[in-house]
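Before we start, here is the structure in question, set down as structure tokens.
By written order: A, B, C, D, E and F. Residues from 1 in each chain.
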Amino acid sequence: MPVVLDAQGRGMTHQPVSGNDLARFAGIPSFMRLPVHADAEGLDAAFVGVPMDHGTSWRPGARFGPQQIRTQSAMIRPYALQTGAAPFDGLTCADIGDVALSTFDLRAAIGAIETAYGAILSTGAVPMTMGGDHTVTLPILRATAARHGPVALVHVDAHADVNDEMFGARECHGTVFRRAYEEGLLIAPKVWQVGLRGTGYSAGDFDEPRGWGFNLVTAPELWHKSLTGLGEHIRAQIGAAKVYVSFDIDSLDPAFAPGTGTPEIGGLTVPQVLELIRALRGLQIVGCDLVEVAPPYDPSGNTALLAANLLFELLCILPGVPYR
Amino acid sequence: MPVVLDAQGRGMTHQPVSGNDLARFAGIPSFMRLPVHADAEGLDAAFVGVPMDHGTSWRPGARFGPQQIRTQSAMIRPYALQTGAAPFDGLTCADIGDVALSTFDLRAAIGAIETAYGAILSTGAVPMTMGGDHTVTLPILRATAARHGPVALVHVDAHADVNDEMFGARECHGTVFRRAYEEGLLIAPKVWQVGLRGTGYSAGDFDEPRGWGFNLVTAPELWHKSLTGLGEHIRAQIGAAKVYVSFDIDSLDPAFAPGTGTPEIGGLTVPQVLELIRALRGLQIVGCDLVEVAPPYDPSGNTALLAANLLFELLCILPGVPYR
Amino acid sequence: MPVVLDAQGRGMTHQPVSGNDLARFAGIPSFMRLPVHADAEGLDAAFVGVPMDHGTSWRPGARFGPQQIRTQSAMIRPYALQTGAAPFDGLTCADIGDVALSTFDLRAAIGAIETAYGAILSTGAVPMTMGGDHTVTLPILRATAARHGPVALVHVDAHADVNDEMFGARECHGTVFRRAYEEGLLIAPKVWQVGLRGTGYSAGDFDEPRGWGFNLVTAPELWHKSLTGLGEHIRAQIGAAKVYVSFDIDSLDPAFAPGTGTPEIGGLTVPQVLELIRALRGLQIVGCDLVEVAPPYDPSGNTALLAANLLFELLCILPGVPYR
Amino acid sequence: MPVVLDAQGRGMTHQPVSGNDLARFAGIPSFMRLPVHADAEGLDAAFVGVPMDHGTSWRPGARFGPQQIRTQSAMIRPYALQTGAAPFDGLTCADIGDVALSTFDLRAAIGAIETAYGAILSTGAVPMTMGGDHTVTLPILRATAARHGPVALVHVDAHADVNDEMFGARECHGTVFRRAYEEGLLIAPKVWQVGLRGTGYSAGDFDEPRGWGFNLVTAPELWHKSLTGLGEHIRAQIGAAKVYVSFDIDSLDPAFAPGTGTPEIGGLTVPQVLELIRALRGLQIVGCDLVEVAPPYDPSGNTALLAANLLFELLCILPGVPYR
Amino acid sequence: MPVVLDAQGRGMTHQPVSGNDLARFAGIPSFMRLPVHADAEGLDAAFVGVPMDHGTSWRPGARFGPQQIRTQSAMIRPYALQTGAAPFDGLTCADIGDVALSTFDLRAAIGAIETAYGAILSTGAVPMTMGGDHTVTLPILRATAARHGPVALVHVDAHADVNDEMFGARECHGTVFRRAYEEGLLIAPKVWQVGLRGTGYSAGDFDEPRGWGFNLVTAPELWHKSLTGLGEHIRAQIGAAKVYVSFDIDSLDPAFAPGTGTPEIGGLTVPQVLELIRALRGLQIVGCDLVEVAPPYDPSGNTALLAANLLFELLCILPGVPYR
Amino acid sequence: MPVVLDAQGRGMTHQPVSGNDLARFAGIPSFMRLPVHADAEGLDAAFVGVPMDHGTSWRPGARFGPQQIRTQSAMIRPYALQTGAAPFDGLTCADIGDVALSTFDLRAAIGAIETAYGAILSTGAVPMTMGGDHTVTLPILRATAARHGPVALVHVDAHADVNDEMFGARECHGTVFRRAYEEGLLIAPKVWQVGLRGTGYSAGDFDEPRGWGFNLVTAPELWHKSLTGLGEHIRAQIGAAKVYVSFDIDSLDPAFAPGTGTPEIGGLTVPQVLELIRALRGLQIVGCDLVEVAPPYDPSGNTALLAANLLFELLCILPGVPYR
């Protein structure tokens, strides 16, 4: 049958469609051209999009993030040659589409996300989120804590996102981790914020989260260095706690990730973030997100390509992934 | 259930997903967010992509055409307000994905397309093709003639595509309609080529197809004019014959369709091609294609938006579409 | 003094800064490089930006509209050569900056806009608005009706914007004129909606506003025609009533205005909209807006250049403008 | 010999290299892939670039105009199918490269251009100029008048370019035709300026050139109309006088020609300018230029493609071109 | 009063407008949304633009540099979190607009700049310049030496800019520091040129400035290294001398700064230049510039964002800035 | 004679045209503005383009690679300031244009390339190839082995390109080095593949080439390191054997080389590849290529600028180049 259907799941194993069966630019794009499921039932890991950007303060566009990440993910093949990870040999993975949410009402959207993730988490699947602006992490953490209790956090970002409010809004992309802390969603001493930099509204912007017990690592502390050591340290400190990984693409320098909403100069490099992720292998990860990809500022698609690869690398360190 | 799955078909009626159920930028994109089927069985009209560009002589990129047309088609709502057409109230439509074909071997690809369309046509569905470069029309016409016998043709294009060969190739985007004529796939006096213009390899480039009986209408003959009259004339001349509609996006002026492989100045306007299509209502159309959208030259997506709308307009004139 | 300050107003007449005094690409850009005022006090016409896009359903970016319109407006010189209009010889004009509003809360933003326009209108100045998505027109109409009573409306747009709600939102860019009608802000028989086209959620999308008394003119009715006649008819029908002009840049075909949030094919041409505006001269215009310019989809800036010129043309038909 | 050399001339006839001998994207680009000559000796028509933009007041970039026009001209085939013109069957044409001039000193550049064109014109060849900003026309007219005496002029442009000075400069892209008039280079009653529009520094900007005898035709006078009649009228009025054709790409609407330095809305369409050029056939043309293509604002290359085609159309109306 | 005016200065403290008072994309952009002053009177540091590019030899566009740097600077908040610098708590800063200069006459422009900077420097303010091509530094150094006598120089650049002339021009972007040396504007042994690389017109291009006493540090010497040590060495060597800092954005690798006129591969990284700047704290800086940002080659704006941040970092090391 | 002809060779020494004789953006572009020859006769090094992309599996566009590399190479001056190399003082170099090949038939194109390179190599010139997709290297290696016998190989790439077939094709951009190994074109133990990374179709993708004796060095092994040591090691291991250098631009991280067909994250940096190339000086290089530059994904041209510089650096290490 010469017409190939790639985003359907009927009669397919849960493997990405190969470029030798259907050209990489062909087919209806799901994440890595995995089967599409109606929900997370029966899955070990569920890729899910949260397309929104009404929580962003500068450049919009992250609403198109899931779409472009899926498109660019067609380039990724199933085996990680450098680490030996073979995620699809051990985990049942699928793309479960996007959360339906209001573009016009940020609060309603936050509520819809929490409900949707409650349903996903109830199946036991690990949600692998494609944002959307960083606001999405707050309702995800609420649903996560509701199921797992407070969690450790690895938060890779240019910004600490611990404002009390922005232009009167208490729930938007710059307030996520203060809210999460206040609501008891996090194990504060097991929170790591990596890649922070830039300018702030007061000289003491970082003092308060440090006072809560958060571990803040600024980008300048990391310049010119491998992050393998830091990653191993974090892994050791977090230990057996359940952990959530929130990855803002603006943690990377704009040279690597130009297509984002609030770029900051002097960021991490791609080798650094790959080292960091790979060193976290062994943690009890219960959810991951990759946020703030803004396609209108990334016509080549390379930022989304990077995001897709980082999601794949995060998949590779989930519990249960075999290594060859 | 807040996670909505838009490209699946299970439990959905065959209607486009509404923007009020799932934001237009959300979900895994099928054409107009219609259900995705594994094949054309049971369908009245089947949207199908043929992603390739190894038949093009200037700017490549049409391999990404189906992908971008699907993405932009999310903007289209189900009712044509100006004409009253309600295609989804009368026809069962779905997206059946892309033809699997070799990127490296143009001849093999042409063969694969003919086989795929044989299967589609055997179901009785009308194929609505998203190209790809114009080469795709040749194997589609072969499969069409195999099922329906020679057909009338409405061919809207800047170029007549009647070269004998290009750089030694006898089957590529510039030779399609000479091959089709030679192979007896067309009812020559019922062939209409509309929008021709530009420069040629000899002063008599247009004489030979006219000698075969083809009706050639150049763009300068149409400047400043409504095409309603021409469309009505073509409809009358073709009458009850089965007809194939092949639409090259470069028939339009590059101002309207910048993202294409071989743009020519002085082309048709969007009102003109809409008038032409709408005037063809009533013909026994057995297949349509929209080709040569090259996304790398169309970062805004507006060329693909136009292409998606033209495919929708073509759908609206298929036999059996109710008008309100 | 060689350092020139162009956006300040102290010691300057209220004329645009000339390109012979300061290069057009120099200086801090206000609209047409007019003086910047803190409020509308003492002005005949006040240019004001409303930078937001959380009311848009497809491509965001209109939040950067006022910024890019101001930048491109530096190309416009003070005299309209084709009509003889000399607006700055008769009216005192200035740029009063942007409305401060929340990016995160659409309802709060709508409230802030209404308050801001109440203040502007209380000075007697005519507000000339740079959007922003089309949502901005609703609070402006509320403030306008509060001051002037119900007004006639010339609404140039691809979309009628008369939905009852979009994804649960009753106040967003697609519901403006239904809300305005329901709230009694408009003189319904003196409402003209020009340029409508595209697809809809039901075959009867246009029937209901026609039932209210609105006059709807679709784009296909206007293809290939001068709009001078239509403009003169509208002017005659509206007569002495106070009138608001709301201009959505997507009324124009995407060939002319690619940088917008919800482009629709088959739109008006620039000559047509210029004819329409010029024919409206003589009406008692109490406010104008130009909305939906989305700079991320307009890297050349030409959409904003068009928008700036249309605002200038609207300025030229305000009461009190001398003609030479 | 499989390595083909396309820009050399040794052993080649003076025909464009065919796309069937060398792919259109291959080879070292001369205009239409004509032979490259060291000077104009022996040529009937000489294509020559004048790459500069220090005479422009808004967006620079025209310095890259000749390069991009040459690249895009590879798409043009040797016969004009609509008119039957076969220029290379009657005229010996070549590309003679670019004028060497200072990027840093506008006056020196103007002098260098005049000298260069003196040499070209001394051979009897008709110079076909690729600009560069419009300043280049002034020294070309000086050299032209030195050889031929005052000439008639067909000037197609958005702007009359008759300022007395711009920011103190008396020789730049906005003063060309005042200087040419003052210096007696033109036969004033046989000067036609077509496509004028936009805004001006005084209400009477157009009165003065009309006083000199110039014939000014604004774009609004031409909207919705064929220009064949205007072209025939100009041809009749100019009669047997020697004539220079200066074509500013900004005469066209920005929808057709976005990549230019000072775009103005409401311009001519491509059909209109093609009609105008074709109607001028029969005039004693002694030189042509196509100026103000600014590639940085035209990433698709479509503006340069249009410019290349217009130069070809101008070539087709030179004296001595056979028609088939 | 809901309409906020951000670029005016009346009644505002000299602090950047906060994103919590006016959205970052709103308002009329001055540098970091500081107050706009008519001149430098009373200021400690004056941000000033010099928009020109007629001194550039390859890609133009730097004339739009000040405009885009201002726009992107809206992202910067007032406190430098990594260093503790709080410049606005210690210095009175404002944006004083752009120098008015001729686009058509490079020599006249150079004269105008010198005059303008004489006026600025006479107030005692430190000028913080936004270029413009690198030519601007020559007249600024002339005005600086006229006030302060010969100065030390930290010049960060891909190119030494010590040509004797370029295409006959003795004053353009490639000759600045030879002219400055010849005119005695610099303390030669206290001149540091950092980041040099690329190709040259002779093998000994760097020998001559070394002979004058200049200290040249090529980029390859710095690859893979922190620049903190180099910065401290330069600070020690310059000691108490007055120093000017000239920063060409092309010192950075094109990966970080694609939008520039003469990019060179193999450049510095952002961490390196931040280390260098921060290590210079304590020097007696009397002026700074940031030049060669070419927006047409930087559609994302990220090059200008980098430039704005570097200017902010330079502000942070001016004498008198408090650290928290 | 003010009209300068830069791409001709008659009467010119074989030096690049200087920017002081003809502006860098002027003239008909050959590589580094060297003379254009009809063939390689008499040359030491011949720059030649192979414009094609029908061997690529993801983004097309490399067919425009030679054109854009030539254009950007105009920035390079003749002396390498950091190494002292003076290639044009020792070698006779020219640009011999592009190979004529079919765009429609990959196999025929591969044959045409082999024939063309047989002719080039028969002259004794070292071919310096501008791709085109990586498929071009296979026929070049065939012609090279035919003349020189099996060669050592330095292959810098993100991908090993050792697939057995791709979608049925045994000769395309992903199978080159398996075919070359099977055909005995290479000295397997002297093959070095540097920069490998990304994902694969099986966990053992790299095992098989290692079994053949190839030396594979992955990118992660090289992160944060100078490549000088690796380069010296390769030089020592290859010793006196004849060697071919094949450089895929995607070996570099997409931050440095966004414009390529199959980008992979985590790649080499520009300093690293410059160190690698410079350390190879002294090898008996018999051919070099630089492939996979895809201009449609590189609107700034910076990827091609990098490619042109890498070709120049490769030229600098050819046998016979003097150093100053």
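Note that a contact is a pair of C-beta atoms (placed from the backbone, for glycine too) under 8 Å apart; a residue touches a chain by one contact, two chains touch by 3 or more.
In UniProt terms, the chains line up like this: A, B, C, D, E, F = Agmatinase.
The structure displayed is predicted, hence computed values, not measured ones.
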{"item": "Those chains which touch chain F and also touch chain A", "value": "B, E"}
{"item": "Maximum centroid distance from chain F, chain identifier (CA atoms)", "value": "C"}
{"item": "Chain at maximum distance from chain E, centres defined as averaged CA atoms", "value": "B"}
{"item": "Chain C-chain E separation of Cα centroids, rounded to whole Å", "value": "39"}
{"item": "Gap in Å, rounded to a whole number, between the CA centres of chain F and chain C", "value": "54"}
{"item": "Per-residue overlap in chain D, given as positions that touch at least 2 other chains", "value": "23, 25, 57, 63, 103, 166-168, 224, 253, 255, 297, 299"}
{"item": "Each pair of chains that touches, named by its two labels", "value": "A-B, A-C, A-E, A-F, B-C, B-D, B-F, C-D, C-E, D-E, D-F, E-F"}
{"item": "Interfacial residue positions of chain C with respect to chain B in the complex", "value": "57-58, 165-168, 196-206, 218-220, 223-224, 253-255, 258-259, 262-263, 265-267, 297-299"}
{"item": "Interface residues, chain B side, partner chain C - complex", "value": "18-20, 23-25, 75-82, 84, 86, 224-226, 253, 255-256, 270-271, 274-275, 299-300, 302, 305-306, 309, 312, 324"}
{"item": "For the chain C and chain A complex, residues of the former touching the latter", "value": "53-57, 59-61, 63, 102-106, 108, 166-169, 171-172, 296-297"}
{"item": "Of chain A, residues touching chain B in the complex", "value": "1-8, 10, 21-23, 25-30, 36-40, 48-49, 51, 63-64, 66-67, 70-71, 95-101, 103, 112-113, 115-116, 119-120, 299"}
